[in-house]
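The structures come next, written out as structure tokens.
Note that chain A is present in both complexes that follow, paired respectively with chain B and with chain C.
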Partner chain A sequence: MSYITKPVARHKGDRTNGLGLTTRDYEGSMSTLCAGCGHDSVTAALIQAFWELDVEPHRVAKLSGIGCSSKTPTYFIKEAHGFNSVHGRMPSIAAGANAANRDLLYVGISGDGDSLSIGLGQFCHAIRRNVNMLYVLENNGVYGLTKGQFSASADIGSKSKKGEVNRQGPIDPVSVALTLGATFVARSFSGDKQQLVPILEAGLEHDGFAFVDVISPCVTFNDHVGSTKSYAYTRTHMHEVVQTDFVPIRSEIRTEYAEGTVREVKMHDGSSVRLRKVDDDYDPTDRHAAIEYLGSVADQGEIATGLLYLAEAGEDLHRFSATVDQPLVSLGYEELCPGSEVLREVQKEWW
Partner chain B sequence: MVTSGDFGVNDFAFKVATVNGTGSASANGLLLQALFRMGIPVSGKNVFPSNIQGLPTWYEIRVNKDSYTARSPDFHLVVAMNPQSYGRDIEEVVSGGWILYDDTKPLEEELVRDDVTFLGLPLAEMCVREFEGSRTRILMKNITYVGALVALLDIDVEVVKGMLQEKFSHKQHLMEANFRAIEMGASAARERFDCPLPIRLERMDATSDCVMVTGNAAAALGCVYAGATVGAWYPITPSTSLMDGFTEYCERFRVDPETGKKKFCIIQAEDELAAAGMVIGAGWMGARAFTPTSGPGISLMSEFIGLAYYAEIPSVFFDVQRTGPSTGMPTRTQQGDLMLTAYASHGDTKHIVLFPADPKECFEFAVAAFDLAERFQTPTFVVSDLDIGMNDWMIPRLEWDDEYRPDRGKVLSAAELEEAESFYRYLDVDGDHVPYRSLPGVHPKGAYFTRGSGHDKYGRYTEGSDEYIEVVDRILKKVESAADSVPEPEVLAGSHGSNGAGPSSRGELSNGAGPTSYDARYGLVSIGGCHWAVLEARDELTRRGLDVDYLRVRGFPFNQTVEDFLVGHERIFVIEQNRDEQLRKLLTIETGCPKEKLTSITYYGGQPLSKGHVLEGLAQHIDVPPELLPAGAAP
Partner chain C sequence: MQPTDTRDPQYYHKVVDCQWACPAHTNVPEYIRLIAEGRYTESYMLNRESNVFPGILGRTCDRPCEPACRRVRVEDDPVAICRLKRVAADLRDDVQHLLPTAPPVKNGKKVALVGSGPASLTVANDLVPLGYECTIFEALPKAGGLMRTNIPAFRLPVRVLEEEIDYVLDMGVDIRYDHRIDSMKELLDSEEFDAVFVGTGAPKGKELNIPGRAEAADNIHIGIEWLEAIHFGHIDSVGERVLVIGVGNTAMDCCRSAKRLGGKDIKVMARKTRPYFKASPWELEDAEDEQVEILVNHSPQAFVVEDGRLLGMIFDLVEWHENEKGRLVSTKLDETFIHCDDVVLAIGQDNAFPWIERDIGIEFGEWDMPVVDRATFMTTREGVFVGGDAAWGPENIIWAVEHGHQAAISIHNHCNDIPVTDRLPYGMTLVSTKMGIHEWRYSNDYNPANRTPMRYEELERRLADIQVEAELGYDIPQTAREVERCLNCDIQTDFTAKLCIECDACIDICPVHCLTITENGTEEELRDRLMAPADNLEQAIFVSEDLPQTRRVMVKDEDVCVHCGLCAERCPTAAWDMMQFDLINPHAGQHTWSPAATSA
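After this line comes the complex of A and B, so read on.
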């Protein structure tokens, strides 16, 4: 029995959001992941983000590929349609779905095996195509369901549970996303909800492909000494270069920063993202500088986190396809069929 | 007496041999179009290389007053413009035929045949004299051979000029150059040869209800008329022109005149895997979505096809077959994907497949495919081939019923979901094996998890045997029940339709039951583009008193008419274009007919089937009148 319905528990005093919903209303089924799995913390952060943004549950489309990470869409928003597709191919499903219905809020959950090995091509092309979605990569450096093989994000020198040392260089999804022109690139840690929630919120509001790499340790196969994706290692080596605050429309700014350290970026819906540089010489709006800086942080063995790069989304799939504003699925057949008269005319060209 | 078939007025075949990339395609199109406009039934086969420039290429034209349009390999005239392929081209002319060639350079002696007439014209020299610039001279050489054919075959020069006027109405200098080339070729031919040749043309009125179009263009238009809004693809010969056509028609008929915005979205994917994923994503959202591809693409899409099958997502796949396996011969035709499409993907799968025989059916079956995909919530294939897809075919004018509305199948609206007590995606509520479907974003009650992993009838993940079996068994019954909804096979029994000249029938989409008893001993079964050669062969047999019944499969799963036909004959000959007898195998697997009863006649060399293949194949097994067989082909 792999399917466990989660009872909806309501408590007096649960806070409600603008739609009158509590965080419970954004939950899904009971998780079947290992106790302590980083992915469950990401799920919790997502639930928090959706709730805070007053998202209508049934207007969300949640998609995934295959793997532990890809199970997680089951664990949030049960009133949203979900699609657990095939290994590494979620981006194409999301692109087609988005092409057909641009009005939904798309969230794709993937893993390092799913996005960086079998699905690296689709991941790259979703960035290039700028599919309007939040893309979360739950990154643990290991294949969990097949019991502990290294993934393509495993660092050189990282040790497997059986003691094997990885010698192949990692594919860093943040560098890939930056290089390919993604306009929203972040990295966070499943163990840092404070940091993760505002990043997810900003990503959901971003009008284009928003990429969030979340270091999300695997407690069963990759949380030991010698692993560079363990809780302990990530905590010690995490280096927050930008602090992010997401300010919904008409909300008050919650944190005060010293003048000159904060850059405010307006989102398309009127909300804003406030980025506070922790590192003085870091500019989260300069792509080339960001690539260089992140490389130097990595060389020092540290994991740069925060909303690392943010720009105007530019042309997305719909803008460069010049599609109509309303979702294609909402067009009536009468608007789509040219009719018998046109067929007669067209055939005059057929000699 | 020529060795194979009579020829003469409005009944012959000829072939133009040129170099790829020299502009001969438009000259050959001009020829085909001119004959069609003279009211003469005609068919053209472009035999081209996988190459941009430099390799030999051929264009074959068959003229037939009785409207037989299958390929004829008996060329009465070869226009040999490519010294690279002289040897083969000269060899292919029937005894008593003609060879028009460029005698600017003399022909090597060993190429000369004494049973054919060589017609030499110094085309290159004439063009050097008449035109400036090497590119113009090369292009005009093509138009000059068209001019020579105007005289040799008695093509109506006014028709040719009319077409050039339409084509170059805004380019006066090009029109004049083309006119000059036509005149130059025609007068040179008249000066030197006795024009016209015995093979020649006479105006007819046999094409006024017809159009000339490729299967890919017709299928593309079918997608527009079906209301498809999302097309995803990866370029691959010979399917590329299908998406080119869809793009062109959408740009014309689907752009909002006020905003300039498009009521369609076409995505050129990174590969065929992604193209299939996009179609499935869009189908999940409720859009009519499709992808055109060829066999190699279907191989790559197979994983996703299984997902769409198991998760029950409407999706339409066009497979314009080419010669396999692997890369095979990308510019040659075959029917090698019958088994592949019928059962694409791992695990137990079975799909709805439609087999058009010409561009008319490409149009109609495209529309039918979207209806079937949505009614049965499953991947649906339209399987044509390079010959149907890329060559120009003469077909009856297409018609459209403005009353048509898409069959969206069982899709629940927001109001229906609101009313419903409960909704479970994979529950067989009506007992017809087709569950109700909800679309994302419509209503919270409609939410469910679409997955390719094991699920029970409520849509929940399962690894339980009984729950799993219940769902996959229902899906099998669902797909099998589509047998009565796919296009009915075309059945020609007795001497029906073959009393007069010309192909006896053209199948209509109908769902009536076929005959259940037959008088003839033998039955022919065929599929797709084989139809026209089979029809021609059968008509010849019937005219000589040998009655053979004929059934053309148009859809899979097979319905009762197919089974009755197999049962109703002593012996069945299955005619198809692949090595492995794929149709015969499918018939054996899917019907109760013992396999010994089915004999295969296959041709799989990459050219379209011709009646000779059929008659020679039959002659291996039954007594075929020897006059129908090429010399030396009798058993």
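After this line comes the complex of A and C, so read on.
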């Protein structure tokens, strides 16, 4: 842990975004995570993504549960809203906050323990409700805060720091998300910002639940030989299935691709995501094919990465609940609570 | 790009911008840290190693280090390096027992030094401890050269000046006062000396030959001669209205002196506008604080004399513009007459060597100056050396000191039958400053404080007596604040590629975005591919060897690094370390490095 605060000194040539802010304006307080933690790189990628999207800091709500991953919202966008919830309960808080104020950009940061053990049910229901948010799972296969036990995402055969071999099968969050009908499913690596940043940007713009599983190595307890979530292992086994470019509104498309290899998907706000298949026989818009293909990649011992599945978001939490377009928080008391007369009228429907 | 060779001492040396810019390569960050620790004596001695006159320079240096200071790249003002030097000098304990001494048995070699300015004194400082017998010939009754005669006491108290001169002379230098050398030939023919060093400065003030000059001679003074006369007490008054012609540092000393000798209305007359002034900005400010008026675009045309008395001067009012060749040319707009009682000419200095015969093997070149080798300071006659202002015209004290150091090496070689071109290269030591997991042997916490302003003696008191020092120096709280502004540029970010796991932690934490991991490429490509483009081409970019996992390279823009050490704090494998760089700057008598040092 560093004892000093980050110097306020800035590069005089730092670029500014549409709001006149530099990336430094999207920072939070100093990280207290271990030096070299993958989570800090995810934080840096989020800062980059928010900055590139010209997001106003006060329009962001950061939510998390418990764990190393769940500390990270403190490390970006000081001026944003934030809620650090009970272990595994971040999705409920996110759903509640989103129900009350649909105007904010919701970012949930979770880990493999928080989402795949104690909060697995919560995670599943957030997908099912299609809460409009970016859900980042910082996945390191280990319980870092409790000193290195295998987590629910640890692979069979993966070794702990002390040499013990894991024998229980992992829960793969990407498969879970695909199976449950998530419309934006991606996997990336904290050590590859070129891939991660555009995926996070697309996820923030996606009009529904956007799930990003980020392999984010635990430098203290799971970065050794024999680990399947170390920097070195992830680098050698990463298999990029789809390359993603995020194209914000109004910016010209500069990268040229051969015809037929690129699929452009329009986002609700007019921006677009360009998906370039690296594997010819992969279709990132066909859910069933995707599930099957990802399985075969996993069977070969590789980690499929990229924006793996993308579809129209469909109905979200607010459509299911038939709420008004205006955020509930901005409604007056009278409108939110019209009184027992009105309630009686509504209830007549079921009499 | 090829991997950067950080074992070349000059690579890290260049990162220490102040030390690189200092002609004598004073170890600025280390002396500032010593001040921060309250170790003023050690700080003074460290200064003295390279610049010999810390007390004098702490008040008068032209500060080439300050515009170079890294702080100006992230903020407006540099660290007050020079003023901190004065703090070390002011607050030091007695240093007598720490000074070099002459060995009891001499080496039998004799060196003549002509002139007793900073260059000659430095030569003596370096050679006497090696057993040389040095004889200084000084034309005036006191030592110090232009440091004494041209810098007024309100900027450099005589006590400070004499103390540091005496440190050198008291080692056992034979100084002959009131002894002007009139013939180099005679000096050489006497065969009394094994080497001769010429440190006679640039002692001739430039003339302004315009109408009326001769008639008004009584009230027209040559700046440097006038300052010398004031120093020795030959002049103690001046007319009420004084015009100072010229706008260099000597002009500032002249106008401020005039203010103290009874002048009321002092005007400094400049031909051009402020961006072209030669005076240091702080000297201009000090003069203006003392209510000296600076008039621009006045080109002197004539002295007006009536009945043998100076009435004033006629100036052309001009404006300047660039011609097709990019040269500045003036156009006359009008003419004006300005009343005055005295005029001081401070328009530059010339060298003069009427005493060096032209037929004794010392070749003279352009501007009638002796031909002097830039590295060895030797003339075309073996055994005759020139340094200080005498070598290539007026510079400042710190340059003269460095000339002295280099000439001393040459003289030592010459006297030992070693070619003068045989010179030890720079060396360095590099030692980790790591003290704990996230603790370092230096204060790495960035302090955003602004530059600390100087305290001055009250205006009335300082103008009343020319001996009263204008600047009071920093007090302890001011010092404590200013030392923390130093960015410790000598604490180098040293990278070991084979340890890197490419986790990006250093890149993510860097407050000034000077790190990137990327594919290797040409320098141009890499400069453009950095997190924030590296536009300052004067500053190097560091390129590592190939990284183990992806064969990419770590690239660092040395330009804006604030040496906060966070890259090393966030590095899980200690691939980055904060290493203290210490330049080993060879002086006379040094023939090998200590085993701990890395040489080039």
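Here is the rule we use: the second predicted complex is superposed on the first by the 327 of 351 C-alpha atoms of A that agree within 3 Å, B and C clash if a C-alpha of one lies under 4 Å from a C-alpha of the other, contacts with A are read in each partner's own complex, and residues count from 1 in each chain.
Keep this in mind: a contact is a pair of C-beta atoms (placed from the backbone, for glycine too) under 8 Å apart; a residue touches a chain by one contact, two chains touch by 3 or more.
Quick caveat, the model's predicted, so the values are computed rather than measured.
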> After superposition on the shared chain, which partner residues are touched by A:84: those of chain B (first), chain C (second), both, or neither?
Replying inline: first
> Which one hits more chain A residues, chain B or chain C?
Replying inline: B
>> With both complexes overlaid on chain A, does A:100 touch chain B (first), chain C (second), both or neither?
In response: first
> Can A:322 be said to touch chain B (first), chain C (second), both, or neither?
Replying inline: first
> Of the two partner chains, chain B (first) and chain C (second), which one does A:122 touch, if any: first, second, both, or neither?
Replying inline: first
> Once the shared chain is lined up, is A:191 touching chain B (first), chain C (second), both, or neither of them?
Replying inline: second
>> Counting contacts the way the document defines them, which residues of chain A are shared by the two interfaces, the one with chain B and the one with chain C?
In response: 1-3
> Which chain A residues qualify as touching chain C in the complex?
Replying inline: 1-15, 23-24, 31, 34-38, 40-41, 43-44, 190-191, 193, 217, 219-220, 223, 231-232, 235
>> Looking at the complex, which residues from chain B come into contact with chain A?
In response: 33, 36-37, 211-213, 217, 221, 224-225, 227, 229-230, 232, 249, 253-254, 256, 259-267, 269-271, 273-287, 289, 303-304, 307, 397-402, 404-406, 438-444, 446-453, 460-464
> Quick one: in the complex, what on chain C touches chain A?
Replying inline: 73-75, 438-439, 444-446, 448, 501-505, 507-509, 511-514, 532-533, 535, 549-550, 560, 562, 564, 566, 569-573
>> Quick check: in the complex, which residue numbers of chain A touch chain B?
In response: 1-3, 57-59, 61, 73-74, 78-86, 89, 91-101, 103-104, 121-122, 124-125, 129, 317-318, 321-325, 327-329, 331, 333, 335-340, 342-344, 346-347, 350-351
